[in-house]
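Across the two complexes that follow, subunit A remains constant while its partner is subunit B and subsequently subunit C.
For the complex of A and B:
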């Protein structure tokens, strides 16, 4: 049991760290300095690149931490979270980050005109900074000695800093897993609940629908869509979600078929409660255990799907992604180990963390594990 | 008389919590000792510890000696040696106690192969058939049958044959007839009694039901909270109990409760005519309907205000289907239901909703009748909101509080979740939930059969008071004739989906007509009024 707890702590720790890195990415890895002070005053160049997405990530992170630490009523917490995110979206829509960023501009500017105070990000390169001002920088192994440069994890085949790219790629990994699974859960629960509650003909037709969708290979569909349409993150999320809901529908259906025969549900019908209340208040909360477990594993497989696609060279263009870095490791003439090791490790740890979380949820929600040998 | 089993200072604890506290028992040859107690009294633990069947998480200490066996029976090594041969056990649920993939004959032969290895295959088969014949089963046919092909009574007989085939000195029977229908229960009890006398075997009979125990035991030991509070011969203990707990148990027997107040019934609330509910039997790939299971086959029933109508019958007689049909939870094949003067059989389920408040239901299983994920308060108040009872939330809360307190539940009940309550408390919550809506009719589907007898008495008396004071009507579905005699004004006997007898309470118990009713009453062995 103790080793179990240790693993779970690792899983939570890694996911929290990843979320923190994803939220603070623009301040962790940026080609522009965070703070530059001349005699006439100070500037914050990195913040001028802030987009609405950056602001939403940071607000979301802040709200999550606040809600976790503060013990308010749940309704208050939800209201606070919604208000904060709406305000962030409002401010974000007013932001106008420059369309074209010349990454080396502040580096050259500061060599020409040294400032009194300069504060750089921990990794002073952006994910799309190909270090044009340093000449050819492609495929340098980690910690290779170079004048005025220092790359902890080396550089990729375009000459960009690998650490910066991995940091920014964590956003894609997190969001694709959560949103694709969210889409799948929403469809799966509604379809499964309808099938399970009404049974009969509805169930028969619903199950055929489930079987049809189960027969569609996700990766093949993704490849086809990518070939015909633009390569966009929302499209990928929706496709992964649309092809992975049948599992959730099956779980929900099975639970609802069991629950509809149970006395408290029969009693709810006999008390004349409205259908929505019976389905979502009395049945669904008693069916979440298998769904929560399946969802945790689903997030892991969505992350793997995106990585696979990027590895095949069909991922997003110019957006940093873990799978894309893996692809670069084998594309060049020599095997560039650092391009395989670090993104590979990131994928491994994240998928492992979600799987551990799924297993822990399964154990925690299974009444057989909850109490020892019962009397 | 020589003692077959002598137990001294038996103590069983689980994680340091004592569950059985140093009990002493002796059973003489040919004697039946009944261990009686309510759920949680430790009676089943005692039986299991004697056979070494408790999981290692339980700490067992004390001394138990079986005649002719050296060593302490509570030592697992000793128990392993004598189990099956000198000491046999039969369980409550005969379906789960038999292996579904082996024939009954194979399972009995397996016992012989271990405990009488010298027998030839022919001799073994002879003994198996002999054992089955002894429990009054058709030996050849039953030996070749699988458990699912047998009825509950046949399974329990097969279990008894299996237990007796190695000729044990002591038979431990843990609630062996609780899962059986009343009429079958009487037959199995008679069989056990006859077999015991023929073999001169001692028997430890565990039961919660004093009525059953009275039919079979020579001596009775009453257990309460892990201790034996009173031991005596059946005749003494049942007629002149000394310990207050035994007195309370006896007083709670439904046929010993003080008679309830009865009143003249008012207008008709519910009238159903020629109800038929058929379930199709489908076969093959094409699911062709090859026949029908007639769960209800032309049932007429009516309930008037302030009246208690009991529906009795064995399992599978259609009595639960009848309750569900009258609530609109089960689609009708044909027939008519008139509820408060409105014809309900043909209307869609949605049209039932305005009437739902006036008809409530309470089910048998208290663990399944409440939503485990919502507080009691939320569950009681939701129907109040839906049916617009009470002007404000505060008023609804007060109504819910009132309903809960009327059932004798703690005042903080509304804030808590179902898992924080015992089975008996949950059943009272389920009744409070039904009563909060101020219904005119409550359908009670075996509401006391999962409860201990003292709790059953309490709930019956509370319901009787509501019927007498407020003119509440009850449709009371049960298999317990003693409960029927206490509560019912009118009784319907349901047999294979048909009403075979409908009489007022007094008429039925004085002169039952249908052979099934006569068997039912004979099996219940009620004391004359």
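For the complex of A and C:
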């Protein structure tokens, strides 16, 4: 739909911006200066804190930008990306960031011993820096303490800079959205492909399983999962994936039930190809269209699921998260509008971007929506 | 039809068992699981008291038994046909008819059925208001947008609906509380709860001092509603005709504001107080579904408008209003009915957020409390109940589909 083209452009723009912010987060918001020069020499304190995850994010971002700009074969691009990420992971495993970070240490150090040159990050506060050296800084509206401290988006109920927390939280939102959907897709495709290909009683049992998982309210199962298991990022991704696969299984099954009767599949079976080859090399590429649409919407709902859990106080412990910031806006007696508006907008725009992406994909792939009828 | 219904109802049982089995398996597979030790852990108790409490939980709920045995015992406990446990908790003899029992909550120490009877009405009340609001609003907006696709109304609503559909309920709820309920801004509505304390003792309907104000109280909203509907139909609205439902709602709101401002009321009564408390939660619960359904209504109606039979009807000179409501609408309704089955689970999930946000003691809030306390009996009962409600929702949607579409016959 041509009238919605600028909306799609906005969606891509926002997601690219978000990915950039997420990748550069430790250099955008950090309590440690990026560069400190004394007469003896220069130091890079912020880079001391680099962990393997930070390195992977930056490498991933760099590779993505590079491969977007160059025109190579897709296989070469994938190989380059894999090699770069592996190298980054290898280097990252050698990094030893300090286990305990005293966030105010450089601030106090620099007031005691002024350096010749100091380069701070654009937001000179880390996400877990509760500004203990400034006394009580909790729940300050944006720019309330302006001449001394610049909190562009205010501070949260623990006294940490909200902008820094939101910047670092974008990593969690993005990675949970993509990986949880990947997990759900993997499970859904395997289950759905088995059901659709074998049909008969395998299909019957599989459909009961899908029905069971569809009838449990997803949020309810998620709550049970997070309350009973430890809370960690990888587990959260797997759990959100585990609770959202039935839709993909349904779509894959429907496509495979249709495809299994078509000649090229019959030919592949007659040629004696192994089952995995028939299912995933020959049949799956023909079933991608509805899955791609569902996956785009799936990312949006995975991000929503994570922020809902954090909002309910069942999210990751001590990690910045958009939903958790939203929660603090209503906890206090007064209305802390900045704690509602900024994290809320971040969730809204990200979910909107993925929904727009899904709609655009559906408009492009589903013939029923092609004549500008799209929702 | 009856045979179909019976068959569908019988299919509920294995699916419900499957649902509870999944949730039970999640609990049992977790580190710590559903043992008495995990329940006692974290409580600040003397070692002897801890031991005593652990033993109590084990004796009372059989938590020291293997997970499979625990689950089977739970099934036996809730089924109307089974074994009645004796004083030691052992089961023997032949199965008999007995009272199904949902057990006793660990956290509250009260029968689960009592807790559900207390909490379920609140959630049902929220949904009772939300579902009609969702459907009426969605159809009104969707039909108008589709009638003049590409027009100004369509352009404005399509972007608004898309944004509303993507807006997380937490954000909308928090903003509504902040803008319309907090003491910092407009405190038009309460920040939470279902009633004021005084309203619980108040009479049901509003009480006024004089007969004239009593009459005004009832006639003013009705009058403004009627006036708005006539004005909306006459087309003297500055942007053309207005849908009767929309203008009726606008008129009602206007009338209520007028009553609030001009009519002296000594006691607003229980009913008005309850409605006043429900406004923000219902809006928070309903807007997402409304946006989604309105988009769907528009899309399906456009599809129908482009179909051959609609063109034929137009060609033979049927007035547009009649084509829309007589020919197209019933066909456009079918996808809306299909979606109803997926709306119910999302409303149950939505009530978790809404109830936590507005501190309403409903099923959603109970669910959060239950999982936080690792309350096995309560979690399983809530799963059973919400699964049951969802499945009944599917069944009702299928039946409504058969009523709306005469081509479908259930044998």
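Criterion: the second predicted complex is superposed on the first by the 356 of 375 C-alpha atoms of A that agree within 3 Å, B and C clash if a C-alpha of one lies under 4 Å from a C-alpha of the other, contacts with A are read in each partner's own complex, and residues count from 1 in each chain.
The criterion applied here is as follows: a contact is a pair of C-beta atoms (placed from the backbone, for glycine too) under 8 Å apart; a residue touches a chain by one contact, two chains touch by 3 or more.
Note that this is a predicted model, so its numbers are computed, not measured.
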Exercise. Return first, second, both or neither, reflecting whether A:312 touches subunit B, subunit C, both chains, or no partner chain.
Key: second
Self-check item: subunit B versus subunit C as contact partner of A:118, first or second or both or neither
Solution: neither
Quiz item: Now for A:228: first (subunit B), second (subunit C), both, or neither, which partner does it touch?
Solution: second
Practice problem: Pick one for A:282: touches subunit B only (first), subunit C only (second), both, or neither. | Solution: first
Quiz item: What is the contact status of A:270 with respect to subunit B (first) and subunit C (second): first, second, both, or neither?
Solution: first
Quiz prompt | When both partners are placed on the shared chain, which of subunit B and subunit C touches more of subunit A | solution = C
Exercise. Answer with first, second, both or neither: which of subunit B and subunit C does A:340 touch in the superposed model?
Key: second
Practice problem: Check the residue A:217 against both partner chains and state whether it touches subunit B (first), subunit C (second), both, or neither. | Solution: second
Exercise. Determine where on subunit A the residues touched by subunit B overlap those touched by subunit C, and list them.
Key: 373, 375
Quiz item: Touching subunit A in the complex: which residues of subunit B?
Solution: 14, 19, 45, 55, 57, 324, 327-329, 349, 352-357, 359-361, 363-365, 368-374, 382-383, 386-387, 430, 433, 437
Quiz item: Of all residues in subunit C, which touch subunit A in the complex?
Solution: 14-15, 18-19, 22-23, 26-27, 30-33, 155, 159, 162-163, 165-168, 170-171, 174-175, 177-179, 182-185, 295-296, 298-299, 302-303, 306, 345, 348-349, 352-353, 356-357, 367-368, 371-372, 374, 379, 382-383, 386-387, 390-391, 394
Practice problem: Provide the residue numbers of subunit A that touch subunit C in the complex, in ascending order. | Solution: 3, 7, 208-209, 211-221, 223-230, 300, 304, 307-308, 311-312, 314, 323, 326-327, 329-330, 333-335, 337, 340-341, 344-345, 347-348, 351-352, 355-356, 368-369, 371, 373-375
Quiz item: Which of the residues in subunit A come into contact with subunit B in the complex?
Solution: 262-264, 266-274, 277, 281-282, 285-286, 372-373, 375
